[in-house]
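First chain A sits with chain B, and in the next complex the same chain sits with chain C.
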Partner chain A sequence: MTGPANPKAEVPVLSVQDLEVVFPSTDGDVQAVRGVSWDIYEGEVLAIAGESGSGKSVSVMAALGLLPPSAQVSGSISYRGQDVTAMADKELEKLRGSAISMVFQDPMTSLNPVMAVGAQIAEGVRVHQRTKTAIARSKAVELLHLVGIPNASQRVDSYPHELSGGMRQRAMIAMAIANDPDLLIADEPTTALDVTIQAQVLDVLERAREAAGSALVVITHDLGVVARTAHRLLVMYAGRIAETGMADNVFERPAHPYTAGLLGAIPRLDATKGTRLMPIDGTPPSMLAPPPGCAFAPRCPRATEICSQETPELRPIGNQLTACHHAEDQYGEAEDV
Partner chain B sequence: MADIAANVFADAPAETEVRSQWRLVLRRFLAHRLAVAAGVVLVVAYLFSYLAEPVGGWGYKDLSPDLSQGPSGDHWFGTDTIGHDMFAQSMRGLRVSVHVSLVVAGIATVLGSVLGAVQGWFRGRVDGALGLLVDFLLILPLLPVLMVLGTRTRASGGSSLMFVAVVIGLFLWAPLARVVRGEVLSIREKEYIEAAEALGASNTRIIFRHLIPNAMSSIIVYATLTVATAILLETALAFLGFGIQPPEVSLGSLVDEGRDAARTRWWLFYLPGAVLVLLVLCVNFVGDGLRDALDPRRDQRR
Partner chain C sequence: MLGYATRKLLISVVVLFFATLVAFLLVATVDPIAEQRVFLLSQPGGAEQIDRLEASLGLDRPLIERYGSWLGDMFAGEMGTSTDNGRAVTTLLGEAIPVTLRLVIAATVISVILGVAVGVASAMRQYGKFDNISTFFAFLFFAMPVFWLGALLKDLGIRFNDWWGRRIFFTIGEQSPRLDADFWGTWADRAGHIILPALTLIAIQLAATSRFQRSAMLDVLGSDYIRTARAKGVPRRRVITHHALRNALLPVVSYTGLTFGTLIGGTVVTEVVFNWKGMGRLFLESLLNGDVAVTQGWLLAVGISVIIVNLLTDLTYGFLDPRVRDG
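Let's look at the complex of A and B:
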């Protein structure tokens, strides 16, 4: 793994080791996550990127113990050295919302429609701190103000349907930082929002993170979001890590053909006129029976025989870690560009 | 950072007056004319039942010298064979029926909502066990069971009004529990429940703060239906001679006593019967209005 952003913090806030998650289904076992390890350190912003079904959400839901009971989880997840997977429900409840908190994808459906937003934020405070209702309420006003909701002292009494999408997402962020969490997890925080609001919400998220002094994991399929916020980037494909490293390095010189493909598929302002966007052909493999070897091989322009036989291990290439047999070639080519 | 903050605040909409939720509910309810009218009739009728004696001039236990008379200026609803003033009796009956039905609906609604929500939230064995109990209560022929209980209490020296109400209440929660369970099974999959879990809310908190409030519109509709059912059930019991014992009266016992006279002395049967029908109808209209008014998902401008 790459080193911590803040070298003083030696124990990671959250450490995921060899995580595997399997969902039994009538058609067989769905292998959602197949051996993933990562750490996040204090004050750091980690982005987990990948397309739908790559296991990015599942790996953090496991950290909060929020997977359905049918899910089979192996490997270890520890919060400041305590094993989360071994915790009893009561302990987990204490952890959730206070030490580890979450911003959900869709602000339209993630707020209780029959509770005023202020009451929902205050609830988060009162679950973890024994405070009077009035104090929790003024804290809610303060938080709404912090996330940039105008007229906060009146907006606390608004119901979710009276707020716009961007405002609701701000309210969700306010809720998430109500107890100054150590770790904030944002699961596709901007996906459900209007493009014009996305940047603002990302700013609010960053400000909220600073205010709460927490580490942040952003789960996204939008590399634009990553470019804006992340210190460190982890690209997942088919339940495994394809590439990870400091975000700037990975953006500069991707060493995995999949990362390169993703970057080639987004429009850039600095591209020369007439450059075409390059889509990645094919579709992700079925997680019921993932192909042997490298899961990306069937779609990979660099694939050779070894790719469909041997699973590539993560190994250092340049300044990052890449799981590809042809990483050197890719990395070398990136240099030429 | 400062210019980012300025940017962030830039999308603030013009200040709008934030309406308080209760004013909104009240306004929506008031917009529902039939419900308002029904509510007014209910309240007025209930309060008036206390004034029946001073205004009408007769108490419900009083025996007047006028026997079997039709409605007149003195006896608005006429009198029965032994000289009871039927207006005083009907008003007393109204009051008793309202009290009984409110207690019944209260017990049934609380039990039904909580147990239904517990079933839907925990699922598995808890759901199975409670589900069996619900099924059992649903297949019980209610009237015979209540009649048996009624005879027992009569044997032990008269049944109190509240005893009848509590017993009926303990039998009527099952259908509501089923409705709430179904609602909760769908609500529990909503993202805001997952969000509440992710923020560390306990089971109790999720049930009482998130699940039940979101099922509230069904619960309210069902509670009003239960009020109506309870009035009718108490009536049926009284009609069969169980439950309330003389000299206490309820609308049911009045209708029961008057039924033989329906053709000859119509006022003994039809007038208390009309009060009963009006009462149940009003309760249902109020229920309709409440359901529409309490649902915050409805357009706020209505």
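Let's look at the complex of A and C:
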């Protein structure tokens, strides 16, 4: 474990408290995030995992003020103690890309098609550092070299369509670390890429994070991605936190049936022959009218009457926090395996 | 970019060749002596006369040979004379082209600048007050028949002149006949004449351009790379000017190129309403009079103009979009 020895002693880089995000729509309010709290400390890698629509991306987009204006955000998000939600546009612009920066999911559409990649990286440098064009450009070459793009001094003038998906995602990472951010957020950084280059890009991301000395939030639906890099893990379901704790602990003994289900659905190299993958039946609930009680209850093998009546609170189970009425049973069973 | 430009130029030459072929065939397939033929065939010895007539007009030669000599004449600037008034076709075109160009260029430049501005402003606050008002007027002008809008503007112009007690708006012709004025006086006179017909064209073009620009801008503003630019901390204004606008201009460039090409040959209605002696009128009259040489010359001139405009559009496109350059 390379996480901070005593995280609680320092001020978190980013602290999200009781975050709720609602998107009004013509069919009613979509409750994307329903009361989520988490912190990330310097140098830490936090993974937020969950299915599509579980609110994992929305909770970090809110931190950067990148949600559409119609979104209703409540709760607090603070960067080193400053409340981000109360910031004016100008202040937020200063924070974005310098203190907190982001790598997006789809490198095919996330780069401006009519601007050379080097110019896009240099722009991020110039916006925050007010350097000369030539200096920003050489910084861009340096960054491209750092993320492992061959012939960086020529590639700096390439347009996005001249690069492969993996190369584009490397360029995105270069752009994100251009100003040595305190916090790097990667939203499904490998989802849009070929399986063969996913591992490379994750390596680049880890190297870039070390070079910039930043904390990292990785958002993913793929627990395989999490297993490699994360110190801490936060599993989200239907806009709430299902389970959170040190990644190793959660992987070893999940105390939430949903986490256990996610882990059961990943192919493992050490599995004995004939072991079947266990998919989770059903689909996530509609966020227009989430079911009362535990949102996972309709799909949960352990669900009982109380699950559809009372919303479970996060409580300590073993070494982690879990929101489940039957967490003890799940945790106990995991030990037997 | 140089390779792209050369490629586009070569394609233009090929298109030009086909344009000449079409202009030639459109007219060559019509029998110019159809009426005489019917009359002469009923006369004794008419057949010989028809042969002589055909020989004098060169109709007895094969089509490909006729095309060759016609093309040679065209390049030598020998476009023949009008059967209607005996004037050289090149002279007629030389008079009509500047008149139409003046109107079309003025209208296009103004409507593109305003259209882009209105479209961007609408998209920035979608369904806001400005967006709703501009949408209303866009559809209003889009739905208006050109001749009606022209006539309406003429009427308003005349009323305004009466009220002001001075003639500000001219409603007939492209300039005052027998005007004796210095350089500035001439341009002031032309300006007074161009305002109303230009407004007619602008109203309709602006409606279309602003709608195109609005939807292109909305598309781009919702795209991932705009979110990336914002996540980089690029200030809002720079996101609009450096990231959104350049991408959102592409559809408008295509649209403007297309309509500009059409307008050069086709402001017929506006020209007739305001009595301008431009290309639209020239074409209409040549058709009504069966003036073959003029029709042919007109087709060729408009064809060449459209090809030049398309070439400029392609080059602008290539300048704005690197993907097109390499494609």
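Please note the rule applied: the second predicted complex is superposed on the first by the 328 of 337 C-alpha atoms of A that agree within 3 Å, B and C clash if a C-alpha of one lies under 4 Å from a C-alpha of the other, contacts with A are read in each partner's own complex, and residues count from 1 in each chain.
As a working rule, a residue touches a chain if its C-beta (ideal position, glycine included) is under 8 Å from a C-beta of that chain, and two chains touch if they have at least 3 such contacts.
Model, not experiment: these values are computed from the prediction.
Following the overlay on chain A, a clash is recorded for the pair chain B and chain C.
Touch criterion not met for A:Arg240: it reaches neither chain B nor chain C. In the superposed model, A:Arg228 lies in contact with neither chain B nor chain C. Of the two partner chains placed around the shared chain by superposition, neither chain B nor chain C is touched by A:Arg302. Counting the residues of chain A touched by each of chain B and chain C gives the higher count for B. By the touch criterion stated above, A:Val204 is placed in contact with chain B alone, chain C being left untouched.
By the document's definition of touching, both partners, chain B and chain C, reach A:His161. Look at A:Asn151: by the touch rule set out above, it reaches chain B but stays clear of chain C. Once the two structures sit on top of each other via chain A, chain B runs into chain C at 8-16, and not at any other stretch of 8-16, 26-34, 44-52 or 278-286. Touching of chain A by both chain B and chain C, each in its own complex, is seen for residues 64, 66, 93-98, 101-102, 104, 106, 109-116, 123-124, 127-128, 159, 161-162, 172, 175. Against chain C, the residues of chain A that register as touching in their complex are 64, 66, 89-90, 93-98, 101-102, 104, 106, 109-116, 123-124, 127-128, 159, 161-162, 172, 175. Those residues of chain C that touch chain A in the complex are listed here as 223-225, 227-236, 238, 242-243, 246-247, 320-323, 326. Residue ranges of chain A in contact with chain B, taken from their complex: 64, 66, 93-98, 101-102, 104-106, 109-116, 123-124, 127-128, 148, 150-151, 154-155, 157-159, 161-162, 164, 166, 172, 175-176, 178, 197, 200, 203-204, 207.
By the touch rule above, chain B contacts chain A in their complex via residues 1, 4-5, 7-9, 11-13, 15, 18, 20-21, 190-192, 194-202, 205, 209-210, 213-214, 216, 296-297, 300.
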